[in-house]
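Handing you a structure now.
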Amino acid sequence: MIEVLYKIIQMILFPGFAFIGVLSLLYEWIDRKFYAKLQNRVGPLYAGPHGILQPLADFIKLLSKEDIIPEGADKFLFTLTPIFFFAVNLLLTLLLPICGTSGVISFTGDLIFFVALLTITSILVYTAGVASVNRFATIGAERAVLQFIGYEIPFMLSIVSVVISSGSLTIKNIVESQSNMWYILGPNLLAFAVYVIAVQAELERIPFDIPEAEQEIVAGWLVEYSGKKLALFRLGRDIETLLLCGLGATLFLGGPLGPVIPGLEIILHTLYFTIKSIIILLILTTLKAIFARIRVDQMLVFSWKYLIPLSLISVLIVRVVF
Amino acid sequence: MPKPGLMIGEVYKNLLSKRATILYPFKERELVHLPEGFRGRIVFNRDKCIGCQMCFRVCPARAIEIIEDEKGKRPIFFMYRCIYCATCAEYCPVKAIELSTNFENIAFDKKTLLVK
Amino acid sequence: MNEEEIINALKERFGDKIIDCKTPMRRRVFVEVSKECYKDVVKFLLQDLDMKFVEAITGTDVNDHLEVIAHIGYGISVSVKTKVPKDDPVIDSICDIARGAELYEREAHDLLGIVFKGNPNLKRFILPEDWPEGVYPLRKDYEAKHPKPLR
Amino acid sequence: MSFYIPIGPQHPVHPEPLLMKFKVEGEQVIDVEINVSYTHRGIEKGLEYRDYMKGIFLAERICGICNAAHTLCYVQNIEQLLNKEVPPRAKYLRLIVEELSRIHSHLLWLGLAAHQIGFETLFMYVWRDRERVLDLLEMITGNRVVTSYNTIGGVRRNITPEMEQKIRKGLDYLEKRTKYFKKVVMEEPTVLVRTQNVGILKPREAIELFAVGPVLRASSIKHDVRADDPYAAHDEVPFNVITYDTCDVYARILVRIDEVLECINMIRYSLDHLPSGKYRIRLPVVIKPPPGESVSRVEAPRGDLLHYVKSDGSDKPYRYKVRTPTLANIPSTARMLTSRGDYIVYIADIPIIFGSVDPCLCCTGRVMFVDVEKGKSWVWTYNELVKYSRERFERHD
C-alpha cells in the first residue's frame, strides 16, 4: 500500500508531472535566454527575475485566449491531437532516470517503448496539420512527414550504437553500464553528433524548422491552433525538448551518475541529470543560432547522404570495438 | 569554400559582450543618445515672435495655425500633425521656433500635444 | 550616341511625322509624334537605336486631350509624347515589342482611363478593387476631397 | 493535385500589403499572380495640390527608406525646370547622404534576406550594425530615417569637420562589419544552398522585362544611372558598377554587399574632396517655374527611379509622375517565381525570391485609402467584418 502511494507521489510530484512541468518551462527559458544572448539581445526580461517566469506567463496567457476551431476542420481530431501530443510526451518523462538510475517506470526493453512513443508525436504533428484543413497547415503537415523520413532513421541508429555498447535495451542498465565511462568519451562520439542533429530536426528548430517555417508557411501545421490547444502544444513541445535532451544525457553522458554524498543521492542525481541535459540543450541552441533554415528536399538529401551513412559507420565502429 | 558553422566564434563572442539594446522605456533612459540638431518637439519662444506668419505659410503638413493673443498674431503648433521637417524653424526670421531633442510625443490627450 | 544623333536618326526615319523635337537639358530628349506612328517610333528607338528600356509610361490630362508619354532610355532618356482625344482615348499598346511595359500601361489605364489596344491584360492594377468604374483619379475633372476624419 | 495558396495581403514576411496567389503542386510553384492594389495613397494627385516647396515633403514620403533618393529626384526635377545649378558643395553633400541611405537600405535588406531564409542570428547582427548608419544619418540630417535633407537649391544642413571625423570612424566600422557579413554569406553552406540557383533571371529576360537596379546588375547587365546618367556629384566621384553573372539570389546579395563597400569608398572620396563654399542657394518660398517639362532620374537603392514633372507656370506642378523601381521589377519577379523547364521554384523559396528584389509596395501603389466617392462607413461590426472576410476569401479562392 505504502509502496503504491509512494509511486503515485513520485508520478505526480517528484520526479513526475509537477517537477517535469517546472523543469520544461525552465528549459524553455534557458533556450530563449541563451539564444537571445548569442544574438546580442536581452530575451525575456520582465516576468520574474531575468524573465524566468516568462514561459509560464505565456502559458497562462494562452490558456486565457479565445479558442477557435475552424469551420471546415475535423473537430474530433483537431481537439484530440493537442491532448494526445501533450499526454504522450508527459508519459514518456516517467521513463527518464532523473533522481536515480531508473525512472519512475522501468521495465525490460523500455527504450523501445520510449522510441516508439516518440514516433507517435511526429505522427500527431501530421494529424494536427491535416485536421485543421488549412493550406498552410496541410503543407506543414506534408513537410513534417517528409522530414520525419529524414531524421527518424539516423535518430534510431544513433540509439542503436549505444544499445550495442551497453548490450541492453533497458534504460536502467544503460545508465548503470556507464558508471565507469560515459559513452560520449568512447567510440559513441559520432553517434552523439548524429543524435544531436536528429534531435534538432525532431524538435523542429533551425535549421530544420521546416514544418513550421514562419516566413514561408506562416506557422505550418500550428497555424490554426489557438488558445488552450496551442498552449498544450507549446508545453508538449517544451516537455519533448526536455525529454530528448534528457535522453541524450542518459544515453551518452551517464544520465544522473556522478560523485554522490550519501544521504543526498536524490538531490545530487537530479542535479547531475539537469546539468547534463542543459549542456545538450545549449548545444542545440547554439546550432539554432548559427544556421539558416534549409529546404525540405535539401534536408532529405542531407539526411540520406550524410546523416544515415554516418550513423551506420558509427554502428559499425561500435560493433567492432565492443 | 563552405565552412559549416562559420558564425560559431562570433556568436560566442557576443555571449560575453554587452547587449546591443537598451532597456529603453523603463530603465536606462540616459543611454538614449541624440545628436545636436535633432528634430524633435517644437519649442516656441513667444517673446521673440513678431507674428510674421512665415511658419504658417511654409508648413507642409498644416500643423500650424495662427491665433491672436494680447501681443498680436502668433502661431500654435499641433504636434500630432507635425512631420518634424523643421521648415518653420528654418524660415523663422527671428529664430523663435526651435526643435528640441524631445522625441517622445505620445499622449492620451491630444491637448498635451499642443505647443503654445 | 548623343542627343543630336538620336534626333537626326528619328527625323531621317520618320520625316515630318515627328511633330516636335527638343533637348531642354543634357541627356533628355522630348519628341512629339502623331498617334499613328507612336508605336513605330517606340519600336525604332528600342530596337534599331538599341535603347533597351521603356522606363515609364506617363499619362497626362491636358484639358482637351490626353497625353501619353513613353520614357525610353538607357543613358539618354527619350520621352516620346503623343496626343489622344479625351472622348476616345485609344492608343496602340507597345506590349508586344516591350513586354515589361504591360504594367505601366495598366497603371495609366487605371489612373487616366487610357485604353491600350492590344494589351492582353488590361485589368485593374493600382486602384483598390472597389473603386468605382469609370472614375479616373488623375484626370483634372476628378477633384480629390480632403478625407474626413473617421470620428 | 494543384491548389492555390495565398501569400498576403498579410503575411509574416512581407510587412506590406500585397497578394500573391500561387498555384502549387506539392512543394512546387506552377504559376503566380501578383496584386498590388492595396495601398494607393494618391501621392501623384496630392503633389498637384501642393506648391513646389511643400511637395518635397510629400515626395519624401513616397518611400520611407529611399526618401533621400526621392527628394533628390524631386528637387533635381524642379531645378531643371528653373534652370538653376546648385553649388558644388551641395552636390557632394547630396551624394554623401544619398550613399549613406543606400548603405542603410542595403544593410536593412541584407538583414531581411537573412530573416527570409530563417537565419535569425545574421538578421540580428546586421540590424545591430545598421544602427551605426542611422546614427550617422541622424547626426547629419537630424533624423534617423526620414532625412528631409535635400531642398530646392541645395541641401539644408552643412557637414562640419567634427562630423566628418565621426563619419569616417563610422564608415571604418561599417566596412569591417560588411566584410564580415560578406564572408558569412559566401562561406556558410546553409546560406549557399538556399540562395544559389534560386530565383534565376537570365540577362535576356532581365532586359526584356525591364528589370532595374541590383536585380539587373545581378543578371550581369552593367546598368547604373549613377554611371550612365550622372547626377549630383556622381560624374566626379569614381566608382565601379558591380555586376555578377550567376543571375540568382546569391548574386543579388553579393551585388548589394559590394555596393555597400563601394558606397563607403565613395563617401570617403567625397569627404576628401569636399568643395568649400555655399551649400544652398536661397529661393523664394513660392516658386513659379516657367512652363515646360522635365525628367529626372536617380539610382535609388532599389534601382532606377524616374520622376517626370510638367509645369504650366503656376506655383504647383501640373502633373507629377513617379515611376518607382519596384513597379519595374514586378514582371521580372513574376518570372522568377514561376517554374519552367528544369528550373523549379519551391514554396520555401518564395520569400527569398520575392525578397531579393527588395520590394517596396508603398512606393509601388501610391493610392488613396479612404473611399471618398461612396462615403462608405468604415466602422464595421464584428459580424459585418466576418461576412466581408468570408466573401473576400471565397472570391479569391
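By letter and in written order, the chains are A, B, C and D; residue numbering begins at 1 in each of them.
In the analysis below, a contact is a pair of C-beta atoms (placed from the backbone, for glycine too) under 8 Å apart; a residue touches a chain by one contact, two chains touch by 3 or more.
The structure presented is a predicted model; accordingly, all values stated were derived computationally and were not measured.
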For this session: Would you identify the chain whose C-alpha centroid lies closest to the centroid of all protein C-alpha atoms displayed?
Result: D
Problem set entry | Most distant chain from chain A, judged by the mean position of its C-alpha atoms | C
Problem set entry | Whole-Å separation of chain centres (CA-atom averages), chain B against chain C | 42
Seminar exercise, completed: Per the C-alpha means, the centres of chain A and chain C lie apart by a whole-Å value of 62
Exercise. Between chain B and chain D, what is the separation of their C-alpha centroids in Å?
Worked result: 25
Exercise. Which integer distance in Å separates the CA centroid of chain A from that of chain D?
Worked result: 43
Exercise. On chain D, where are the residues touching two or more other chains?
Worked result: 121-122, 125, 128, 188, 190
Problem set entry | Touching two or more other chains - residue numbers and ranges from chain B | 4, 6-7, 11, 14, 20
Exercise. Of all the residues in chain C, which ones touch at least 2 other chains?
Worked result: none
Exercise. If you look only at chain B, which of its residues touch chain D in the complex?
Worked result: 1-4, 6-7, 10-11, 14, 20, 33-35, 37-39, 54, 57-58, 60-61, 83-87, 90-91, 99
For this session: Going by the contact rule at the top, pick out the chain A residues touching chain B in the complex.
Result: 37-42, 45, 286, 289-291
For this session: Note which residues of chain D are touching chain C in the complex, please.
Result: 36-38, 40, 42, 44-46, 49, 80, 207-211, 223, 228-229, 292-295, 297, 304, 306, 308, 310, 318-319, 321, 323, 327-328, 330-332, 365-374, 378-379
For this session: Would you pull the chain D residues touching chain A in the complex into a rising list?
Result: 3-6, 11-13, 24, 26-27, 114-122, 124-125, 128, 188, 190-191, 193-194, 346-351
Exercise. Inside the complex, what are the residues of chain B that reach chain A?
Worked result: 4-8, 11-12, 14-15, 17, 19-21, 23
